[in-house]
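In what follows, chain A forms one complex with chain B and a second complex with chain C.
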Partner chain A sequence: MKSRLKAVRSRLIQLIVLLGTISTTLFLLLRISGDPAVLIAGEGASPETIDAIRADYGFDRSLIVQYLIFIWDIIRLDFGVSLVNAQPALGFVLDYLPSTLTLTFLAIFFNTILAIPAGVWLGAKPGQRRRRVLSTIVSVAQGTPAYVIALLLIQIFAVWFTVLPSIAGTGTWAWVLPTATLTFALSPNLIRVVAASIEETTAQDYFRTAKANGASPSVLLMKHSLPNALLSTTSLLGAQFAFLLSGALITEFIFAWPGLGLILVQSITNLDFPTIQATVFVVAYLVFFVNLILDQIFRFADPRLRKSQV
Partner chain B sequence: MKKVPTLFTRRDVMRKTSTSPLILKISAATLAFLFLVAIFQNFLYTVDPAFSDLDKRLLGPSIGGPWLGTDPLGQDVFSRVIAGFRWSLGIGTIGTLIGVFIGLTLGIGAAWSRKRMRVVLSRIIDIGISFPYLIIAVTIVTVVGRGFWPLALTLGLVCWPTIARVVYAETLTLREREFVTAARLFGIGSFTSIFTHILPALRPTIQVVTAFTFADLLIAESGLSFLGLGAPLGTPTWGNMLNDSRTYMAEAPWMMLGPVIAIIVTIFAANLLGEGLNAREKAKSGRVSQ
Partner chain C sequence: MHKNKFLSLTVSFALAALALGGTTPAIAATKTVTIAVPGLPPSQGNPFREGPGTPGINTYAAIFDALTFVDTRGTVQPRLALSWKNTSPTTWEFTLRKGVKFSNGEPFNADSVVANIEYLTSADGRRTVIGGTELPGVASAKKISDLVVEITTQATATSLAADAILPAKLSALYIVEPKAWKEAGATVFAEKPIGTGPFKVDSLTTTRIELSAFKTSWRKPKSDKLVIIPLADAAARLQALQSGQVNLVTSLNPDQISAVRLAKGTAVSIAAPQVMSLAFNVVKGGPVADVRVRQALNYAVNKTSIANRLLDGRGKAATQGVTPTVNGYNDKVVGYPFNPAKARQLLAAAGYANGLTINADITVGSFPSDNLIYQSVKSDLAKVGVTLNYTTITFAQWLPQYNANSWRGEAFGLSWNSAPRADASRPYEIFVCKPVGPFYCDAAQSALVKSAQTEFDTKKRLAILKDVAVKVTASAPALYIIEQIDLFGLGKGTTGFSVTNRSIAYENITVK
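The block that comes next holds the complex of A and B.
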């Protein structure tokens, strides 16, 4: 119990340091790159507007005071209002959260279903010719960026065959292509990790002993090989989850998917700093929770961690 | 090393010694060729990549005419793909160098320093790893501005955590090896030891992570350009070209072809190089343990 609290505490410190670093970097970058009031007002704003913004945001005060106010606002979760639609930035961002989360869960779900059996099959007898063909395909696919996959899928299914919609908000079918894109983008990596860990376990002494004792292939796989392989798989899945929350950026942009990625790209194009900040913070919090849950899963799955003081 | 080696069949040995150098040779040769393309691009253009001929808008690919077709401005797609090599490989190279430098410094520093300092440094690495770096890169590029150097520097400054972690773990085990301890007993200083013992021993690891980081940065760079956040609009980069092609998917699907092939081939070559190096290392250490 004590070690569990310790793990939570160290994650919490991580979160605070991360948020502190990000916000300080943002603060400094905004100041270094010129007059922030001009930047926020946008091109062609009148001097009065710029002055109003300067007074409004307190840019006329000293840097230290500005920084302290900035940090205090963040602690109170007050990121200001979006410059585009004058809503509070945080609420605006949170509105977009569910659709990103759903897409993320769907992608992770299909990714797991596809990758674990494929990885097990590949890892069980890696030398076989048929499996080497698949593993070559997998390594080519691994190098393919998500947006290339998305464009190809759109080209085939939405433009040539017109069987699936390529834009969000057009019903249930609109989920298919984004989910497929993310699944194909993530699964090669997962397949390889599963295959490698299965291959590794089959080379272990305990595995050979079990095999020599006459354990059937299915027992060998389910009892001796897979549980160990799943450990490294879980850690990769966690990383992919964290990646999806923000890294679905490009996929969301292509499919006009109303999620965190799209909102981030839009707010960046509009130089909407409050929204950018709120999005980055929401992602950081989510990543924090994902890591926290992962820690617990590892503790559950790996008996060694339960005893040691990690 | 301590693991009792399992029995090698003749075929295992053959596989370990012969196949991996072949992958290595092919991927290294491909990458070298692509770099040559990037350097000598001016001799490879069929048409100036910026030249726009409005009479030749949206022409399909043909063997005689524009090899990969033309875009809506009548620019030659083939020439623009070639021009994209310098941009992508340049940013990839510079970013990777910066990332490897930071990652090495932090990784070795964390592994070499003592208690409290080590905790602090390894926590920094942990934090860096836990957060997806693309999102930070995007934010920085917004403020700093688009262009070659901002992109290269930003990507370099955010891609180090994975490198640092690998280097950290490797240095920790190296530190406990006999030859390093022996050097310490002989009174050889930390810096000398790092440069004469640790760095050379790390070389295979560094080679592997460099190849993989390079591939990752290529993906990140073309992704940012694709979002319109990397390269200035109109610059011939693969990301920009793909973004342009989205509007013309029905009329001119060939616009995607060139950039897609270029991206996949380059990234695949870099990944394969990393894997080849990795396999070679594994094979070597396997033979040593025998």
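The block that comes next holds the complex of A and C.
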């Protein structure tokens, strides 16, 4: 119990340090990236107008004062209002979070159920001709950008066969192409990692011993290969999850998907500091949370980790 | 056995997909017009915070009206105001259209105009693009009667108090419903804007605007619904049109025209009142401070070839800072026809016989093929010994440098925009002796531009602007490249589409 509490406290400290570091870095990077007051004022605005806008938003204060106010606001989870649409930035970002989260979960789900069987099949007997063909296809797919996959899928299913919509907000079917795009973009990596892990385990002594002792192929797979492969697989899935949370930018752009990625790009284009800060903060928090869950999965999957923490 | 299962699965999937075909397309038999645009206005439904061009204009033209409207030939047409006259050099009287209502049922009248101008001239209003940049000369408004309003003008840093073309300038001011504006505040109003235009907003988000017909609008729409979707990627916009999910796309690329035709659609190109240029930082000094260098660079580029190759022959070589449909265009000015020999000669005379290097910052994505056009310019300049090193930057990086003239190099991408007033005074007022951070200044030319503003005799005024065109073009403050175009793609069955001065006539669009 004591060790649990210690672990929780350690995680909380990590979270605070992470959010503090990210917020500070972001604050400084944004301040050197440009002057939002100039953008708000527009082309040919007078210096008086720009100064007045700076004063409105507090950009006329010294950097250190701005920073202290920024940190105090963040502690209170007050990110201010968007410089572009004047809505509370955090609320605006949170409005778009469910859409990104759902797409992320769907993509990870389909990625997993596609990649793990394919990876196992590939890794079990890598020398086979059929598997070499699939391996080549996976390699090519791995080098194909999500942008190309998205346009190809739209061309086939929306333009040629007109069976699926390619624009978000047109009903349940509008989820299919973005999900498929992300699944096909992510799965080649996962297939290769699973295949490599499976292949590696088949060369291990314990695997050969089990095989010599007459263990059936399903036992070999389920008991000896897959559990070992799951460690690296989970690790990659976690990274992919974090990547998707920060917004699958291209996918969101192509499908006009109302997600965090789209908001982030738009807010960066408009130097909308509060929205950028709120988006990055939310993503950082979620990524931390995902990593926390991954740690628990690792502990569950790997007895060595459990033992080391006892 | 496994093969059979796989086959049956495949067939099942195909059948399911075909069955879905009848239900998924977004466009059903209803009169819903769906439009894909590169982006929605960042300020949502607040028309004061957006400049008078894209992306705002693609949305606001459906929701709002201005007092006036400038047509393709640069003539000021009635809109919410039916007529106008100047009662003194600084006072204009506008007679308003009778019986107009806002989409929330409130009447449009002189009080509405006064309230809008009061906001525009307030401290907050002056911090908006429309109040601060487009209409800084508007001083106040007074109600004369329910349908007559008086607007007065004032001197600004770039202009004198009298304004001969105030009616044209007011085409940039979209009238919002003042009661809703006041009650909701700018932020909430921006989420559900209310105007007198043909459509009213049902929902407005970052990724979609849904509007329904405002059936009692004075511009009664022919469609029941309008949906505006941002699709930043040009290929995705084309695919949305090809698949029939949208009826109209804006900002089509010239190389997509054949694909639109193959899909039985129509590509429509409209001359934009904008000249794409590479402006020179003359004030900074260096080689471009010499007019011979600036002229040489103009002669070195084959603009006609660019227009033919990269704009499918739909654009034209620019001869000056304004386009033929704009008031003040001078058709006697031939500009700088392609003449590399003359370019070399001028460069040699200026002391650059061995060539020179020009550094520039540009933005791309505003107009069809702009990226390719800059590449072509670079290639042509190289042939006369000029190395053009350009860096592509974002608008957020471009704007502060433009405002303060803090460019790192000798040139920068600049669009000479005459919209929405379609009058040469706009680019000349803004670009010749910009009050803060000028990149080019000629006191005599600036005085001439100001005198045009106070000249109420139309013929005399146009003569002054044509003279300005001669003088400014001779000074070559920019490498005028091409007269830009706006390219639209219409899906099969889309009718009633027209664009005037970059503004889509939403009331006439419908689908079969």
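Everything below uses one rule, namely that the second predicted complex is superposed on the first by the 266 of 310 C-alpha atoms of A that agree within 3 Å, B and C clash if a C-alpha of one lies under 4 Å from a C-alpha of the other, contacts with A are read in each partner's own complex, and residues count from 1 in each chain.
Rule of thumb we're sticking to: a contact is a pair of C-beta atoms (placed from the backbone, for glycine too) under 8 Å apart; a residue touches a chain by one contact, two chains touch by 3 or more.
Remember, it's a predicted structure, so these values are computed and weren't measured experimentally.
**Student:** Would you sort A:A256 into first (chain B), second (chain C), both or neither based on which partner it touches?
**Tutor:** A:A256: touches chain C, not chain B.
**Student:** Answer with first, second, both or neither: which of chain B and chain C does A:G127 touch in the superposed model?
**Tutor:** first
**Student:** May I ask you to decide whether A:N85 touches chain B, chain C, both, or neither, giving the answer as first, second, both or neither?
**Tutor:** second
**Student:** Once the shared chain is lined up, is A:S62 touching chain B (first), chain C (second), both, or neither of them?
**Tutor:** In the superposed model, A:S62 contacts neither chain B nor chain C.
**Student:** After the superposition on A, what does A:Q266 contact: first (chain B), second (chain C), both or neither?
**Tutor:** second
**Student:** A:A52 contacts which: chain B (first), chain C (second), both, neither?
**Tutor:** second
**Student:** Could you say whether A:V280 touches chain B, chain C, both of them, or neither, answering first, second, both or neither?
**Tutor:** It touches chain B, and chain C stays clear.
**Student:** Let me test your reading of the model: by the given contact rule, A:N213 touches which partner, first (chain B), second (chain C), both or neither?
**Tutor:** After superposition on chain A, A:N213 lies in contact with neither partner.
**Student:** Identify the partner contact of A:D205: answer first if only chain B is touched, second if only chain C is, both if each is, neither if none is.
**Tutor:** A:D205 sits against chain B, while chain C stays out of touch.
**Student:** Can you pull the chain A residues that chain B and chain C both touch?
**Tutor:** Shared contact residues on chain A: 33, 151, 154-155, 159, 253-254, 269, 271.
**Student:** Can you check the complex and tell me which residues of chain A touch chain B?
**Tutor:** 10, 13-14, 17-18, 21-22, 25-26, 29-30, 33, 127, 139-140, 142-148, 151-152, 154-155, 159, 203, 205, 208, 242-243, 245-247, 249-250, 253-254, 264-265, 268-269, 271, 276, 280, 283-284, 287-288, 291
**Student:** Residues of chain A touching chain C in their complex?
**Tutor:** So the residues of chain A in touch with chain C come to 33-35, 38-47, 49-50, 52-53, 56, 81, 84-87, 96, 150-151, 154-155, 157-159, 161-171, 173, 253-258, 262-263, 266, 269-272.
**Student:** Spell out the part of chain B that touches chain A in their complex, as residue ranges.
**Tutor:** Its residues touching chain A are 4, 6, 11, 15, 123, 126-127, 130-132, 134-136, 138-140, 142-145, 215, 219, 222-223, 226-229, 242, 245-246, 249-250, 253, 256, 260, 263-264, 267-268, 270-272, 275.
**Student:** Mind pulling up the chain C residues that touch chain A in the complex?
**Tutor:** That would be residues 17-18, 20-21, 24-26, 36, 39, 42-44, 46, 49, 51, 123, 126-129, 132-133, 136, 157, 186-187, 190-191, 205-208, 229-233, 235-236, 239-240, 242-246, 394-397, 399-400, 402-403, 430, 434-436 of chain C.
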